[in-house]
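Structure incoming, see below.
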Amino acid sequence: MDLSLLVDNLRTPAILFFALGVLAAVCRSDLSLPQPIPKLLSIYLLMAIGLHGGVELMHSDLGARVIGLLLAAVVLAAIVPVWSFFVLRLKLDAANAAAMAATYGSISAVTFITANNFLTTLASSDPAYTPGGYMVAAMALMESPAIVVGVLLARWYAPSSEGTPAAGDEQRPGLAGHGAGDAGGFRDVDWGELFREAFLNGAVVVLVGSLLIGLAIGDRGWESIKPFAYAPFKGVLCLFLLDMGLVAARRLGDLRRAGGSLIAFAVLSAPAHASLGIAAAWLLGAGQGDALLLATLAGSASYIAVPAAMRLAVPEANPGIYVTMSLAVTFPFNITVGIPLYMAAIDAIWT
Amino acid sequence: MKNVKRIELVVDSHHVDRVVGVLLAAGVNGYTVLRNASGWGDRGDRHPDGITGAFENCLILCACDEAKAEKLGELLAPVLKKYGGVGLVSDARWMMR
Amino acid sequence: MKNVKRIELVVDSHHVDRVVGVLLAAGVNGYTVLRNASGWGDRGDRHPDGITGAFENCLILCACDEAKAEKLGELLAPVLKKYGGVGLVSDARWMMR
Amino acid sequence: MDLSLLVDNLRTPAILFFALGVLAAVCRSDLSLPQPIPKLLSIYLLMAIGLHGGVELMHSDLGARVIGLLLAAVVLAAIVPVWSFFVLRLKLDAANAAAMAATYGSISAVTFITANNFLTTLASSDPAYTPGGYMVAAMALMESPAIVVGVLLARWYAPSSEGTPAAGDEQRPGLAGHGAGDAGGFRDVDWGELFREAFLNGAVVVLVGSLLIGLAIGDRGWESIKPFAYAPFKGVLCLFLLDMGLVAARRLGDLRRAGGSLIAFAVLSAPAHASLGIAAAWLLGAGQGDALLLATLAGSASYIAVPAAMRLAVPEANPGIYVTMSLAVTFPFNITVGIPLYMAAIDAIWT
Amino acid sequence: MKNVKRIELVVDSHHVDRVVGVLLAAGVNGYTVLRNASGWGDRGDRHPDGITGAFENCLILCACDEAKAEKLGELLAPVLKKYGGVGLVSDARWMMR
Amino acid sequence: MDLSLLVDNLRTPAILFFALGVLAAVCRSDLSLPQPIPKLLSIYLLMAIGLHGGVELMHSDLGARVIGLLLAAVVLAAIVPVWSFFVLRLKLDAANAAAMAATYGSISAVTFITANNFLTTLASSDPAYTPGGYMVAAMALMESPAIVVGVLLARWYAPSSEGTPAAGDEQRPGLAGHGAGDAGGFRDVDWGELFREAFLNGAVVVLVGSLLIGLAIGDRGWESIKPFAYAPFKGVLCLFLLDMGLVAARRLGDLRRAGGSLIAFAVLSAPAHASLGIAAAWLLGAGQGDALLLATLAGSASYIAVPAAMRLAVPEANPGIYVTMSLAVTFPFNITVGIPLYMAAIDAIWT
């Protein structure tokens, strides 16, 4: 592996700010970016990446290869949770395994953005490293399927008393006779609500909406908002990663409680899933840039859209496990070591 | 001033709509919600981090008559059991207005 | 510890200064305000939207002795009647400090 | 009417983000920009438009025509609420009619900004479409008068027991004997407070203050802050309109309750009042750009400054009516259809 | 439902960790914190300004059994004395869950 | 003194926005930038100044003169609180005198930034006015020492019952037997916590961290984040100073209560301490730019890091005194009159 890729990546401003955040939290500094600053920053990042992707997409021609990549993305997002679930069942109950499986099937937009960032320098010397705008569409398509799969798994394998309460269930007085509608769907999963969470989660809406708007506004529209949506992008990413570092490091306590085998899953699943992405990209004849992004998407895990959906649909699962693994292990692994690693593998295979 | 029960709930922000649904189903006349609460309980540390949204608590305050409070106690028990959170009931008087 | 009355008010954020003026007029020794509350009551849904500022509630908490609480009940009734909002009075003990 | 104006307008990034917000809210997505993000964005927009207007104003020569336009603006802002009040009285009680009249007499800065945006492309091909910096002053002058007129109307036509409580008013024990001062002005309107709300409302202060600062700092000062106050402006507007869309659509429930005749007023008053603006601009020999902005100001309705003042001065009025009409009907109408419509009318008259 | 004591504290945001430390030392099972409160008391006006952070209050709510409440009253008195802030104790019932 | 320096300074956008904020608050406008907007802005400013300083530092050669300046900075930060303490003891008890001494020994980053701003025009015509990137390091070094000195002074001179409670201290039942660790360190100062507050305060961490990151990322990294961290900097400063004006003016009530002699200290200590800075710069052969910044640092007083530390370590002190003096007197004095005054003095001495 070309170590200079790794070293260069670790010297990126964004990664250094992530490290600063981790350090500050570990030293118990009182530094924090209170709500809703991180929300503003993440909406900005999603909006900017979506718009840019949409504008690029408008300029690409969508041949069979692109359709293939998008399809591969969806398939990856749907099968990763299935195998993950059965592996995780060795250590976790059905609810927690399902929530974590969904988490790892879905994606992290900021990891994607970091990979994009990583590609800019390489792309300036070799156009094969320039990713297509359709990769943003691939990301958008990968957000939600894992949520649905995860909930299905949780229902299927839940202890029967959980999934289908008996009429006389003593622990739920007052609800047994009311039906799900009355009290807001406590009896069983509310599919309408679940689909809303999966496909209409705020993060998904901003990303998909901005992508479509990017497609619609044309170059003139894009020029008018570029000083907002493009120029300061990498700087905003630094600020956001500073906060990610703080938040990730503050979950280290939960990490210790979760134990080694889950941490191993969180670390090892990333390159494992990324390999699937690389294989798919290779089979589809994608360029190195697209391949890196597909690998990164497959290898990344969600910490925004999925937790929101799981809180509602699988409340028995503990976010202290699935959010912590995704945020405090897989995310740092990917943005520091993972992305250069996947790149090195792709370079080795492609050339 | 009339006597009322003062119901105070602390739940995951994602579940506010559900809990409010239960309050409305019980027929209360109003409620108040304060977001952005942190806390600690059986489910561990909960501190809104602004990124995941997964650890934010909400405080819900509802004043209602005794009969509704009784009913709410029954309706909310399974909700709190399944989704976590705590509920307190105390006595208060409702100011004339 | 001495016995006090615990007064809890939920009012439109725009009216906090007025209500606090009434508290001060009644001679209380302190109060606490929590902004950014949402809720629902006779005047419908109130949810701070950040643009208009017209639908934000505030929770005001005030501990005072019984006599002042009595007086506040009288002073606040017309305020709550005209401007909306609710008031609750309950019993508490004031921690020694 | 030239339909391409309408279509071009609907393809503007800002308008598309508004539509995205509406759509997200209608589909009950959990997307939101929590407080105080919208506040930050609206202060930014007011600051930027004020500064830019001030700098432009410094470069304009203020002849009789400009004075005429400013005067026309104030007169419009003062008479629109009067006639509106009497029309609205047919459906509403005095308090609600007055609050709504004030709302429609005052202006919406974001509608103004959108109209400005709309003019940029046209102005690049024909300088007659370039609005003068004094139009920002016109906007500033139109914010407050309607508030005062509205409160006067509410007092004048209020049921007598409301306005001047009898000494023994049973419903107000404890206040009857205290006088207004004691309990914070509950007896009657507090004029000092009202004027403060009307003329020192945060939105007014930022706008007027920035305008004056823009006048004072000169070109060198402006250059130093342009990368903040000018370059990202249109992008920030997108983000703000996304939130406006969310907030507007979430008031649709109130809309249904308010009923058809109020909605008709909210839609029809916009072109009606805009026509007054167009007529005034025509009589004063203004250019097409200035004419569009005056029309837009007249046709727009407030949802920040006026609601704040009305909550204090006319608390009996229901913001669920006047804010909803302004925000969820008149605002969307103006930014989507109204502005191109007014432009088409102006083009037809001017040429 | 079991009877509990409802402890409500308003302290400087900088001191929340200390106060929470005392709660934990007394062995409570949970607590809830609401930040960003303003207020007025013996130490004057306190209004979070966002720049200095020096004038922000927090509301801490804790339900616990009578014995712990007793102990907390003792443990918290010197804290409130030295660092400012107020404490209220009231009665409530804990909802079954 | 060259009055044009003063007048030019007062016409800077940032200063005018500060004035607007003060005016708005004095007129009791409801304008406000609610939490956490100011926090976001101040983190941005610290991050931007740190990064820029780090990048500049990378390009400077750190000779003996620079080391001398950094040393002088630390020494100033450590001795200013000592003499201040004894002066302030004439009017204040030990706790308040110590907190205020620490406040005046430490620095205000925004005052530093304003002085930097002030230098840009001068520097464009004469490079001697260009400050070195190491001055940001000087600022970082001056934040914390005063905190430690202040707490030491407070302990040393505290009434003995405060500092060293007797074993049977009646007022602290339940704690006497528990030891400091148990109940969070109420018995005596917790040095670990104090050092954490002094050296790991959020503001210090962001500043120092960004400085180091600026050193590490090289020119390429800096170019990538310049549109965020450099271009809009002066504009963001305007917005932040608007809020500073609001907050400062809203403390005027506390000011009146504090009395004239403290106000005199707050005004006069600024030029007094600045003179020490000027003398040190002169002795070390610094350029005019560096001299102005050292003077400004010495003359400025903290209102973020120190108050945070003092609330914990010297809770008996009243922030209504030390924060108010720093924020509502010394800060406005420095950014309006002080900086041009120090510049004039330096110009007179250096030439």
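By letter and in written order, the chains are A, B, C, D, E and F; residue numbering begins at 1 in each of them.
The definition used in the following text is that a residue touches a chain if its C-beta (ideal position, glycine included) is under 8 Å from a C-beta of that chain, and two chains touch if they have at least 3 such contacts.
To keep track of the chains, here are their UniProt names: B, C, E = Nitrogen regulatory protein P-II.
Just so it is clear, the model here is predicted, and its values are computed rather than measured.
Considering every other chain in turn, the ones in contact with both chain D and chain F prove to be A.
A centroid comparison over C-alpha atoms places E as the chain most distant from chain D. Look at the CA centroids: the one farthest from the centroid of chain B belongs to F.
In terms of their C-alpha centroids, the spacing between chain A and chain C amounts to 44 Å.
Once the centre of each chain is set as its mean CA position, chain A and chain E turn out to be 38 Å apart.
Look at where the CA atoms of chain C average out and do the same for chain E: the two points lie 19 Å apart. Within chain D, the positions touching two or more other chains are listed as 33-37, 39-40, 227, 231-232, 308. Touching two or more other chains at once are residues 34, 36, 77, 81, 90-91 of chain E.
Going by the touch rule set out above, the chain pairs that meet are A-B, A-D, A-F, B-C, B-E, C-D, C-E, D-F, E-F. Remark: chain F residues 33-39, 42, 171-175, 178, 182-186, 243-244, 247, 250, 253-254, 303-304, 307-308, 311-312, 315-316, 318-320, 323, 327 touch chain E in the complex.
Here chain B touches chain E in the complex through residues 8, 10, 34, 36-42, 57, 59, 73, 76-77, 80-81, 85-91, going by the rule given at the top.
Contact residues on chain C toward chain D in their complex (touch as defined above): 12, 14-15, 17-19, 21-22, 25, 36, 43-45, 47-56, 71, 74-75, 77-79, 81-84.
Residues of chain A touching chain D in their complex: 35-36, 39-40, 43-44, 47, 51, 196-197, 200-202, 205-206, 209-210, 213, 216-218, 220-221, 224-229, 231-232, 308.
Chain E makes touch with chain B in their complex at residues 1, 4, 6, 20, 29-36, 61, 63, 90-97.
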